[in-house]
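The following pair of complexes shares a single chain, chain A, combined with chain B in the former and chain C in the latter.
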Partner chain A sequence: MKKIIGLIAFLAIIYVLLLAADPGARLAANHFNLGRRIGLYGIISLGAGMLIITGGIDLSIGSVVGLCATLLAMLLRGDRFPRFPFKGWFFEQLNAGLDWLGGLVNFPEHPWAAIIFVLLVGMAIGLVNGLLVTKVRVQAFVVTLCGLFIYRGISRFMAEDQVKGLGNQFGDLKTIFYSSEAVLGLPMSLVYFLVLLALATVFMHLSIHGRYFFAIGANEKAARYSGVPTDRYKILAYVICSTLAAFYGVLYLMQENSAQPSSTGNFLELYAIAGAVLGGCSLRGGEGSVGGLVIGTSILVLLPNLSLMLGIPSALEYTVIGGALLLGATLDEVLRRVGQKDR
Partner chain B sequence: MSSPLLSARGISKAFPGVQALHDVNLHLNRGEVLAVVGENGAGKSTLMKILGGVYRPDDGVIEWEGRPVSIGSVEQAQKLGIVLIHQELNLAENLDVAGNMFLGREPTWGGPLGLIRPRMSRDAEPILRRLGFDASPRTRVADLSIGQQQLVEIARALSLQSRVIIMDEPTSSLTQRETDRLYEVIRDLKRDGISVLYISHRLKEVETIADRVTVLRDGKNAGELFRDQITHEAMVRLMVGRELKQFFHRSRHEVTPRPILEIRNLRWQEGQAPINLELRGGEIVGMAGLIGAGRTELAETVFGIRRRVSGQILLEGRPILVRHPGDAIAAGVYLVPEDRRSQGLVLGQSIRFNLSLPSLQNLQRFQLVSTRRETAMAERQRQELNIRCPSVRQIVGLLSGGNQQKVVLGKWLSRHPRVLILDEPTRGVDVGAKSEIYALMDQLAQRGVAVLMISSDLEEVLGMSDRVLVMHEGRLAGELSREQLSEEAVMRLATGAAA
Partner chain C sequence: MRRWIRRLSVITGLVASILFSGCSSSDSVSVGERPDVAFISNNAHEFWSIAKKGTEAAAKETKLKVAFLMPPQGTSEEQRRFIEDLMNKGVRAIAISPNDSANQVDFFRTINNRIPVIAVDNDIPSPEARRCYIGTDNVAAGRAVGKLIKQHVPPGSKFMIFVGKLDSQNAQERRLGVVTELAGGAENAKESIEKMNRNEYPVKFGDYELLGTMTDDADQAVCRRKAEDTLTKYGDVKCLVGLWAYNPPAILEAVLSQKKAGEVVIIGFDENEETLKGIREGHIVGTVVQDPYNFGYESVKLMAGLIQNEPSALNRPDMNAAKQIFIRHRIINKDGNALPAYQDEKVEAVDPFHSRLKELKGQ
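== the complex of A and B ==
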């Protein structure tokens, strides 16, 4: 609880400094922009944070975003997917299977089907991650690190390393996922984030499922001995995380109008984890809160903005974020140490 | 009169919210075994940690051979000659015995890479021999039994030229044979003029080994007993400040004729002898055996933690399929696990969180936890079990061992057990709470619950059980009725001597 209050204070200080440093920052347009970015990063942090609370980790978030954004762009454009460039019966069958799949739905005419398909891909990736971690017991760090490489490779291969743009088509979709007007004057990404935030708060802090998440993260054995189906809940956490990454991919494509298979989503997993940790999640699991995630994400978004206003070169953006995170983690540990000193 | 080797006078120590020690005195003579006993939370461990250099006292004087000293760190304590052996052994499991003994003080050729392994082994050898340690100093610690690991800790203390060795619950995970071995070692140490400070909950051990007993109660000195005064009753009287009448509660009551739980040909390992047993409602069945005899494995298999290789579990005559603890719990078969800290509790969460964890399905509405019903349930358990805490929102990790164990029990009691398996239910629990737990087991039996109590504490097996099953090397070695029960009979079966 004290941690959250400290974080809110820190966020407030950054915000006030930002407003004081630059009159331009006080404009509604800037707030709109900040809100949009908090919404985007927040969606990712929410997934990563819920997973981290169960004691898991996902390093493949960025690559899943890249894959899903690229895949969606290609489906909407009706692009032909490359075939496996290998000889032999197996690959011929595989290629034939892909052709058959490609002919099933006419995605450019049914863009919603494409979006649902991409979300299902995200879900499936989470399922695979979760199954590998729980049933085969490969370390989560390793599984998702491999995912980081694999999914990035797949997106580059299928797009043949070309940027995939949507041009001026699908205007209605773009309005739904990204519009400059938006609901109640709020950017769409923030609206989606707030909805997801409300759901996540209920799920994590009021429902029995959230209880299980926290119990598993803090002591998986004790949860199992209490009859909690631990594997199922851990898999669920991976599925939520990857599905939200896929959703981010959708929002990103609609906002940017194009996906770059080799770079879209790069480093996003690190932002997501940083946001979660800044917001009070412990990588040991069992600690954190949805509210903390929001604050952590907001700090992450505001901080580079402020450092720019203070005249720190933008090239140092990563350094500022890293420094703030390190300072926070160190302070947290030192304060904990002082609190326990006299035990 | 010569001054004692070590004396502590007027020691006080406070932690946030608790006065752990208040004006405590203690002295230790050369070559003496002094036992320090007291309920959990009486301040034993705190006092030992002060002597061992882990904590600094707020107030008081520590004298070494009559001269006041300040013990600011573990290193300083070791330099004086005081070594504290913790209950959880602190060994590097991947190193060998000699490597552990000389950890941080390895003889070298000068450079960081110049470890002189042969010399380490050579230096370790005589110390290990003296302790009757029969394995090579080059054995990896991970391959040793707990008893042997304990000896390595003592060997390390001796290699430091210690004159005072503090042992915190040294026998809590030892077999009877290893415990006997430890007694011999302690007597040898005594003969060499080394003093031992011995902390234990097992009063029987204290009777056997101690020259003198200092009793602590609520962070204060409660009394002192000399050799011929050291009896179980006298110690308990001083510890709790009152006579505990009838320590083991057993009442006469009906036992259902039909078994509630039947285990048929159960195996959890290929090539293992199948296990058959029956539990009737209203009886408390003790299960004895050495550590590693397979008692915990049996319990875990019945509860669905372990996979069963073959066999059947029947509840009231009907077979039940247990693939996961959830299945056992749904059937009303519950397990209080062996290690409450790692298996029984989420230590960083509240009493309420822990109590409700297995029952959330019954406390939800539209998948949301009803805090009102959850709190009511937790409060009920708190009252019924007499869990001493300021509030059910208190963090479980801050409770004493006895109160923690009551929380683990409370998780199941609110669900009306049909079969309750208790694995070492009173390990690390103070006398007062022990007595309460026994009373509770008796009440459950009266209500018709079948209770299976796995225990390495023979006193409680003899005191509580209607009949006793003894396991030896993964099979049931025998059964003893209440009339046949004796320590000797149990040990004969447990060690395989009766085969």
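== the complex of A and C ==
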């Protein structure tokens, strides 16, 4: 708690400024919008944060979001997947395999199967990342940076660079994942985030598994010598991160009603990582808390809203956000030092 | 204790500077002042800064306060965020160049039920989701590019198209216009267009052969690299077409670096400074330009009429039955001569066009 006191103060300052900026900012509608955005960004920050705590990093989050949103849209629409444009036995088998897969389930009629499939794809991506990092010992930065390019390329190839929209269909899914206000009038993304948050809190702070996450991040060798199966936990962290990215892709598609293969999710990894690091996760690993993640994400979401409500020109928006974040981080560091000296 | 006080003063200073930074911006951009109407572009390119001048001119005439917003990443998600926040801030009408309009119909319908929405540059394909459309007829503008090819490239030649992203509607429409013109009409082009959409290159359109469509994710450096590779790979390519503003300069750089100036015809779109310079120097035969100034000007004028409930606002002679107002595109070439293949296109010489453009940009 002491560690994030500076951040809480900073968030409070931003919030007060926001309320003072414009009467419109005080409306319930604005708070609803902010809640929805915090829910969405929170989900990927949660994944990124848990991974960062183990000392890992994932730069492919945005591309995984783009891939999963595009894939889900295509499955739901019942689109035909393109063939690999190469000759030879291997690619013929691969294309045949894709056709077999396409004929396996009638996804447009079983949308839930499509969603589960997409989440499984997210899991598989995380598994591959995790295995490459732990077993092959390629640097996480390299593995996931390559993922950033690969998954973006796949979504563009798969969709043939076309926007994939859902039109008026799948109203039920859109209600469940986006528009429903059945749970205490809260936006659905916030509801999902709160559920995931509760699970993450139990996992990270109240279970032995969370202890291991922190231990691996703080000193992997020491953790391994004390009998922690470090590889398994690190892989788990990658799987959680990519699965949450896939889930974000699902929510994104239901909210935006379409996925743009070339841009959906661009730069999201940076927001996710920024939210986590701002929220007290150290990029060196071993430090951070779920509560901090929430604060970090909230600050990231509130700042653009504040900038617009103040009427700051949109060209300056990034500068204002960057400057404010830097101030926040400095404030946090100074307060933390004051707290330590006093003890 | 003294240390404590010193630290506290640092913190107070930090907090004050945050507050101050909030206040100081108030002088220039009027914090708390509510815009009456808003104009949201689809990205932050220079093109829209010309539209901004148009909105400013109209704002002066109509005495409205106009918020002009450019989403830095050019996504529909950012635009949605802008609109939601502006609605809470109490704007009374919105003009927007929607990214991915086809899939945002429901969203825009909800907004349009509350305040007038005007689609700019990219139409929203539903009459209830916007009051009207203002922009270029991109298919017709693409056909103007096709006419430039017909005029300046010998029949039987191969050509390549460069554009930022193909999942953008205007990119698709412009390309469609180009190939339709070359094939001599929509009927003749049908089969080849299907082939093109399946990426089964090369595809014949009339007397010309399209080698492919190169995308670059709106990255000029990538476009240049791909243009260079095209020139090395296809020694017999005779024409390179760039459909987004930064494409022609990138292509020009590539052609110059490969020492192919004079051998390859370059045809552009929009009015990038380098494109105009290329036309003046004879490296680019022509470009098709839109009129973003009037996008901005006409949008604000229309929004003013709509929020003042003037019945005549939507009753304009230049509006068609689908409630679209097309702002005419023009061909810009070196001397402004209307050549035979241009047919009924408006043509303007590069120099007078450029000096007026500089005025608009305040240079």
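To be clear about the criterion, the second predicted complex is superposed on the first by the 318 of 343 C-alpha atoms of A that agree within 3 Å, B and C clash if a C-alpha of one lies under 4 Å from a C-alpha of the other, contacts with A are read in each partner's own complex, and residues count from 1 in each chain.
To be clear about the criterion, a contact is a pair of C-beta atoms (placed from the backbone, for glycine too) under 8 Å apart; a residue touches a chain by one contact, two chains touch by 3 or more.
Model, not experiment: these values are computed from the prediction.
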{"item": "Fit or clash between chain C and chain B when superposed on chain A", "value": "fit"}
{"item": "First (chain B), second (chain C), both or neither touched by A:Val163", "value": "second"}
{"item": "Chain B versus chain C as contact partner of A:Glu333, first or second or both or neither", "value": "neither"}
{"item": "First (chain B), second (chain C), both or neither touched by A:Gln260", "value": "second"}
{"item": "Partner chain(s) touched by A:Glu92 [first = chain B, second = chain C, both, neither]", "value": "neither"}
{"item": "Contacts of A:Ala25 with chain B and chain C, given as first, second, both or neither", "value": "second"}
{"item": "Cα-centre angle that chain B and chain C span when viewed from chain A, reported as a multiple of 10 degrees", "value": "130"}
{"item": "Residues of chain A touched, compared between chain B and chain C (which is higher)", "value": "C"}
{"item": "Chain B versus chain C - smallest C-alpha distance in the overlay, whole Å", "value": "13"}
{"item": "Contacts on chain A seen with chain B and repeated with chain C across the two complexes", "value": "342"}
{"item": "Residue ranges of chain B touching chain A (in the complex, touch as defined)", "value": "14-16, 303, 305, 324-326, 328-329, 335, 337, 342-349, 353, 356-358, 360-361, 363-364, 367-369, 411"}
{"item": "Touching residues on chain C, where the partner in the complex is chain A", "value": "3-4, 7-8, 10-11, 14-15, 17-19, 21-22, 25-26, 29-35, 44, 67-77, 80-82, 84-90, 99-100, 102-104, 106-107, 165-167, 197-199, 215, 217"}
{"item": "Residue numbers on chain A that touch chain B, as the complex places them", "value": "202, 206-209, 211-212, 214-215, 218-219, 221-229, 286-287, 342-343"}
{"item": "Sites on chain A touched by chain C in the complex", "value": "13, 17, 21-25, 27, 29-30, 33, 37, 159-163, 165-168, 252, 256-258, 260-264, 266-267, 304-305, 308-315, 317-318, 320, 323-324, 327, 330-331, 334-335, 337-338, 341-342"}
